[in-house]
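Two complexes, one shared chain (chain A), two partners (chain B, chain C).
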Partner chain A sequence: MHIASGFLSPPVWGAMAAVSGAAMAGSLAVAGRRLDERKVPLMGVMGAFIFAAQMVNFPILPGTSGHLGGGFLLGILLGAPLGIIVMASILVVQSLVFQDGGIEALGANIFCMGVIPCLLGAAVRRLWMRPKVGLFADVVTAIAGIVGVLAGATVVILLLSWSASLPGSVSLGHALGVMNFVHLFIGIVEGLVSVAVVRFVLTMRREAVFGVGAKEAIG
Partner chain B sequence: MHHRMLDHFAGGDTPVHRLDPAAKTVALLAAVLATVLVGRDRFLPLLPTAVALAAYHLLGRAPVWYVAKRLLVVSPFAAAIVVLFPFLEPGRPVWTLAVGTWAVTVTENGLVRAGHLAAKFVLCAWATVLLLATTRFQDVLQALERLRVPRVFVVQLAFLYRYLWVLLDQGMRLRMARAGRDGGVGPRRVRFQSSVGVAGVLFLRTYDRAERIYWAMMARGFDGELRGTTRAHMHLKDWIFVLGVCAAGVAVVICERVLCG
Partner chain C sequence: MSAYNRNTIIVGLAAALLVGAVVSYFASGNPDGLEKTQEDLGAADAAHQGLQAPPVAFQEYSLTWLGEGFWGNAAAGVFGSLLVMALLLGLGRLLRHKRPEADAGDSSAMTS
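Up next is the complex of A and B:
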């Protein structure tokens, strides 16, 4: 759901650039203060990991398969500040190198696909740091994953509507309905896949990613 | 997918390639702003930007087929909106298609709006492709650092770009290995589990790779600064280029506001 160049009006992309710029500044400040030096390459390759993980197809419903968005998973695995920086770097590269998402719309795209899902992921991260992780964590995480995708899609439609970039005969309610319906399936993929991958990581590498020291180190 | 594909033409030696990367990066921003600040449904104010990009394209000897191919990879979401516009915007009907009791109408307003959005999108994407067709990505990063983008973020972009191709290759190898074992058949639940395994293994290998990279960096004495083989400086021609482009952009925006109301 990358917003391309020309779709947002100047006040809207300007405001979103300010919001995401503030989120980035906050994340960079936290990262600068608490960042262990060895997390520098980790963040970099995590961005590349999301690119590669997006190639993996997950069969979920009959006839459909989906791939990962990534922001939500990064929020769980790295926490909000690092997750937001990594997602922002991914969106910058997608915009500059692959022409996916407009340059002036970067703020909006970072907010919808970076800030929102990373904050939700970071919110459920603590469930996975408990000594005993039960079914509760799975369910809450899956729901948070779906909510993150739907919230991002809703904000995209609201921004387009405020920019008068929706066709005249399409009501806001209509657009929201269609967009959320489509993204419900994308969200289900995101939620289920994130839970499954986090479970996998928890089994294999609990101490490094969710250990006692991990919170201070990764924050 | 090959990394050579992306900055394959950035190693050329033309007047445009020799410009300072920071000047070119600022010029890209000016071109994008001069495009997106044009009021809705106006085409004429987009013309100067198109002419400027065409001139840059010719001077930089960027191959037409390469740029055209990159422009065709449109974000599906943007394409869907542009395609739907002519049908969903109210206005004077141009063409009506009736299927039984269903009638689809294409309106004049809708065509104009769709054309305008598509034109803006193409101009911005063209400008972006031209920057990377005439400048190496590492040089763009160095330019960003000189333009006061925080160093942590520039280092992040450098690492991401450096390892993107390594991990894409690794992802493809994992996918191929999986396909060789299950051939894409079997119960959905099993295939889902094996996809999770592929993503999970990719994550763990990436995590371990980060550790190895860290030790390699320490062995080389990394101190947080990225040192390239080239150091760019702003010469007179770079100042003339960047100030000229910015002045032209401002002129376009002001003329558009004054002349078109």
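Up next is the complex of A and C:
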């Protein structure tokens, strides 16, 4: 879902750079407090894993593929500030080294694939911090994952529309419909994969990631 | 480094490299959801002045010297994953150093 170079107008990408820049500044300001010695390596390998996972385009509808966003998963596992930092690092590397996403569109891409899904992930994080985690957490998390993808997809279309990068003959409603229809399927995969990975992490690294039945939400 | 952290890195990095270097080779080459939407809407041509990174070593997700086959893709997956991890480990260490001592109770709060 990376917005490529040349699709956003200067006012739009400028505004998004400011918004994501502010989100990054806020995240960096509080990050130190959330990092214990076990979180730093977790942050590193999760970043590597999401980068790798984004390379795997899976077929969805005919002629169409999708790939994991990962911001939602990072929001659950690390909380919003650390998740946003990890996602922004991935998107910067993708943009600068792999020509995936325009450099001027970085702010927009960090917002749509980082800030939005990370906040949604962080919102369901406390479900996974309870002493007993039941099916309820899986279901709510999967749905929130879908919502995160659709919210990001919606903002992408709005940004393209405000940048006059959609043909005049196409109504905004139609564009939103086409984009969200495709991303509903991608979102379902995102939600299910996120639940599966969170379950795995819960088994392997519960204390470091969620605390053991911690009452206060660190996310 | 503690055994706990070493294991985190070994297992996490192994998963990342397996996915980035091997599984990604079997990825679909079709346009992704956004690209397909832009094509379907007739909005696939860039209308503004943009800024795109030059393909110095990698063309999309393949190392240019190795081409678009398995090894070119694997090199991109390995290099990208390691670069992201190195960036985050460095950043994490830097941020942790700035961590105020007064807030050092995070981990004890977890076990209470």
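Here is the rule we use: the second predicted complex is superposed on the first by the 185 of 219 C-alpha atoms of A that agree within 3 Å, B and C clash if a C-alpha of one lies under 4 Å from a C-alpha of the other, contacts with A are read in each partner's own complex, and residues count from 1 in each chain.
As a working rule, a residue touches a chain if its C-beta (ideal position, glycine included) is under 8 Å from a C-beta of that chain, and two chains touch if they have at least 3 such contacts.
Since the structure is predicted, the reported quantities are computational estimates derived from the model, not experimental observations.
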| item | value |
| --- | --- |
| First, second, both or neither for A:88, with chain B first and chain C second | first |
| Chain B versus chain C as contact partner of A:42, first or second or both or neither | both |
| Partner chain in contact with A:178 - chain B first, chain C second, else both or neither | second |
| Touching partner for A:5 - first (chain B), second (chain C), both, neither | both |
| Contacts of A:59 with chain B and chain C, given as first, second, both or neither | both |
| Which superposed partner A:97 touches (first chain B, second chain C, both, neither) | both |
| Which superposed partner A:33 touches (first chain B, second chain C, both, neither) | second |
| First (chain B), second (chain C), both or neither touched by A:186 | second |
| First (chain B), second (chain C), both or neither touched by A:168 | first |
| Chain B and chain C contact sites that coincide on chain A, given as residue numbers | 1-8, 10, 28, 31-32, 35, 37-38, 40-49, 51-53, 55-60, 85-86, 89-90, 93, 95-100, 102-104, 160, 164-165, 167, 169-170, 204-205, 208 |
| Touch list for chain A against partner chain B, complex | 1-8, 10, 13, 24, 28, 31-32, 35, 37-38, 40-49, 51-53, 55-60, 62, 68, 77, 85-86, 88-90, 92-93, 95-104, 160, 164-165, 167-170, 193, 196-197, 200-201, 204-205, 208-209 |
| Chain A to chain C touching residues, read off their complex | 1-10, 28, 31-49, 51-53, 55-61, 63-67, 85-86, 89-90, 93-100, 102-105, 153, 156-157, 160, 163-167, 169-170, 174-175, 178-179, 182-183, 186, 204-205, 207-208, 211-212, 214, 216, 218 |
| Touching residues on chain C, where the partner in the complex is chain A | 2, 4-5, 8-9, 11-13, 15-17, 19-21, 23-24, 26-34, 36-38, 40-43, 46-53, 55-61, 73, 76-77, 79-89, 91-93, 95-100, 103, 106-107, 109-112 |
| Residues of chain B that touch chain A when the two form their complex | 6, 28-29, 32-33, 35-37, 40, 70-71, 73-75, 77-78, 81, 84-85, 87-91, 109-110, 113, 116-117, 119-121, 123-125, 128-129, 131-132, 137, 140, 150, 152-153, 155-164, 166-168, 170-172, 174-175, 188, 191-193, 195-200, 202-204, 206-207, 209-211, 213-214, 217, 224 |
